[in-house]
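Dropping the structure in here first, questions after.
Per-chain numbering from 1; labels A, B, C, D, E and F assigned in written order.
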């Protein structure tokens, strides 16, 4: 199984914010955005490993700017790194108001997916070979984020998370 | 108002075919695809003219390959040419099965949108400046397609459609 | 397989325009209307041939009057003519505002469907026997529209479309 | 305000049963059908009185035959009688399987709607003038059903429901 | 098969009223509420009998206070009594406006469900053992409501409905 | 503004997994579950502060057991602690199969909401007064989770996160 480039898994999704997607302020509901992000990330993961995938976890997401009714949502999803049977997907989300020619960042997030074989057991996925500077940075950070996930999920002791510890200690 | 390139209006949409989008054969319903195409085209038109737009007409669409449940729908929409207050949008649609690494063309289509001012009256839009060979071909064909639309809509006599006549006469 | 009358395939659909069906102007989105028309036409085709059907193509549609939020959409669909394994469906669409007792034409369209046998191969359908003057006119025009579809789909040369040529030459 | 015929308020609705409308047996969920019936009845009431209407009550509904995934739902709604500011709507519901040419009755029901003026207060509606035998029967029965509704809603004592009592005493 | 307490089947459902759930007044449509109530009742019935269930009938429902866009809908569903293969479910529905700290009753209703075996035939369900005063009252009333259902469905003559007659005669 | 108990903000949500909520394996999609959790959490936050709220952030979520088509989703949401204008909501999610009488934990999560005044500016919310042992534990942990959110969002340096550091250092 040959490694693949993050660019090969790029998925670009564009959605229009309709009335039923909004709260009483006419802004996109956080939950609706997470739903779209889950689909975008699943498609990027499926594109990387050519197998069915299921959502394993979602990292901390912080919602910065509200996206308005009638505005456009842009989601770009790309695999950052693979860990045997799982893949981390990085997403960037923007809102855009075409009439006012105004494009604004909404948030960034990491979702993790697991690939499944026909018996619904986890199966190995291709490794990721980063190319650009940004892809290398995302690849390196993936290990720290994975340790954080394991600690938060109670599957690793903080002391064993060397990569993460280094981050906390660094300045 | 300066002219713009077709590339500036490019919208890439990616959708996953879910159970409620399919007919009894588990294939994407034509009407559901036309709904997504209408949104993709409206976004490309809005991106070109930075104003609200409404669907004016849809050209003949022919559905070639069915897109299956769980497959991905790719839509690429781009403005081909502007006619004072209206814009023609060209779309290409593919289906893709990630598991089998199989991508197939579904159909191509032209939608026409009109830009509106705050009083909901048609307002002028920027002209289109094609750059690539394909964009030039689409730009040239737009006049013939517009004449055909006007004839089919009963707004032009066939004899006045010189561009279109030439096509019918040519071989 | 006996021929059938267009009236036998009549399907009457009535829908209410809800918030999620509308654009920022509170008018029914073109794509949502095409979705409903696809279902109405599929039902008329299925009623004519008593077999599963799939959308093959959609002719040029021109949207005349916008239909408002809270208004009613009326769709009437009827088979016009059969061509071995395919059927052309004609639809008329009106909007209606009950409070103001105002009914207005929205558009007209032709969709084409193919009937399938249990192996998903095209299967023959009953012929259409028009009865009223309008049904006869629609039946006659169906041949020209079919030639136009074949030309637009690149499956017929313009010079071979005798029915259609006559139309272009006539005045 | 002149009286109107039940036929003037007739609404014919046709819906296709899609996957998300069904339970685990692939049959239309009762709640989804009641939702469509509510819209059909609201449209018939609005057509009768040319004013906005809201659902006031729904009579006992009994679901006879399940309607299958991919089958068609037919709803016919018509005003039976008006009571100052409210209208009773009668509906008949059928399922249909085009492939097997099988049409079957699903259920019948009565919904009651109230008409509202621009201040959202109940406003008078036209009386109903039944014409056919069936319409006369529905018109006569409407009084009994209204008494039953008032008793069940705790707004009338059983002893005051003379029309209804006669029914219980009759054989 | 041991009897069970109504409390064991309690289902609490909480829904937010979104734009597409409302009519032109911004109030929850009756049909949408009946859809949610059908699901809540089906879940309570399924919890009581641990088998798949289908909606058999819905009793008279009267809609008292409209529930507004952005308000919350509370539904509490509980089995009241079982009749061999069927169960009556009682539901209470409230609306709530968190901002104004205002909670208001919307309506009450009874739905009846039938339990099915793997061949889709009705199968026996556990009896219901009421505990509280309110549960006892609902248990007792269930017989009268059942007789009313049978009469309204044409399956029992009014004279045979002794429980119901007693109610009509009592004052 | 008086403090309030977590119990006062409890929201219990019950949803049925329908076909359009599932992936190709017939299991609930992660994104759909996050959408429901966002609504449940928003309702709990609104109940605590009696003001409109918007999603500010979502903590790491790990999906343990898949929830199947036709199964029931239970969500319990409760405020754990308030930080001036924001509230942390804790949620527990279970799946349940009534037929097999099998209830299983799906996941746990923390969402953070901000309360808004009529000018859409953050406004203070009541403090939280935990009562049970579990509520006290959640209240204490809220500070550490908040520091982690601030670090992950780039708004706090790791060295300033004393509560969090203690956790990492403790064994």
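Here, contacts are C-beta pairs under 8 Å (C-beta built on N, C-alpha and C of every residue); 3 or more make two chains touch, one makes a residue touch a chain.
Bear in mind that the values here come from a model prediction, so they are computed numbers and not experimental data.
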- What shortest step count links chain B and chain D in the network of chain contacts? 1
- Message: If more than half of the interface residue numbers appear on both sides, call it same; otherwise different. Which is it for chain A and chain F?
- Response: same
- Taking each chain's centre as the mean of its C-alpha atoms, give the chain farthest from chain E. B
- Where among B-F, B-D or D-E does the A-F interface show up again, with more than half of the contact pairs the same? D-E
- Rounded Å distance between chain C and chain F, as computed from the means of their C-alpha atoms: 50
- Message: Rounded to a whole Å, what is the gap between the Cα centroids of chain A and chain C?
- Response: 43
- At which residue positions does chain D touch at least two other chains? 19-20, 23-24, 39, 42, 52
- Task: Go ahead and list every pair of chains that touch.
- Result: A-B, A-C, A-E, A-F, B-C, B-D, B-F, C-D, C-E, D-E, D-F, E-F
- Flag every residue of chain A that touches chain C in the complex, lowest number first. 18-20, 69-70
- Residue ranges of chain A in contact with chain E within the complex: 19-20, 22-24
- Tell me, which parts of chain F touch chain A in their complex? 23-25, 27, 29-32, 34-39, 42, 52, 54-63, 66, 111, 116, 120, 148-149, 152-153, 157-159, 165, 167-171
- Note which residues of chain D are touching chain C in the complex, please. 11-16, 39-40, 42-43, 46-47, 50-52, 72, 98-101
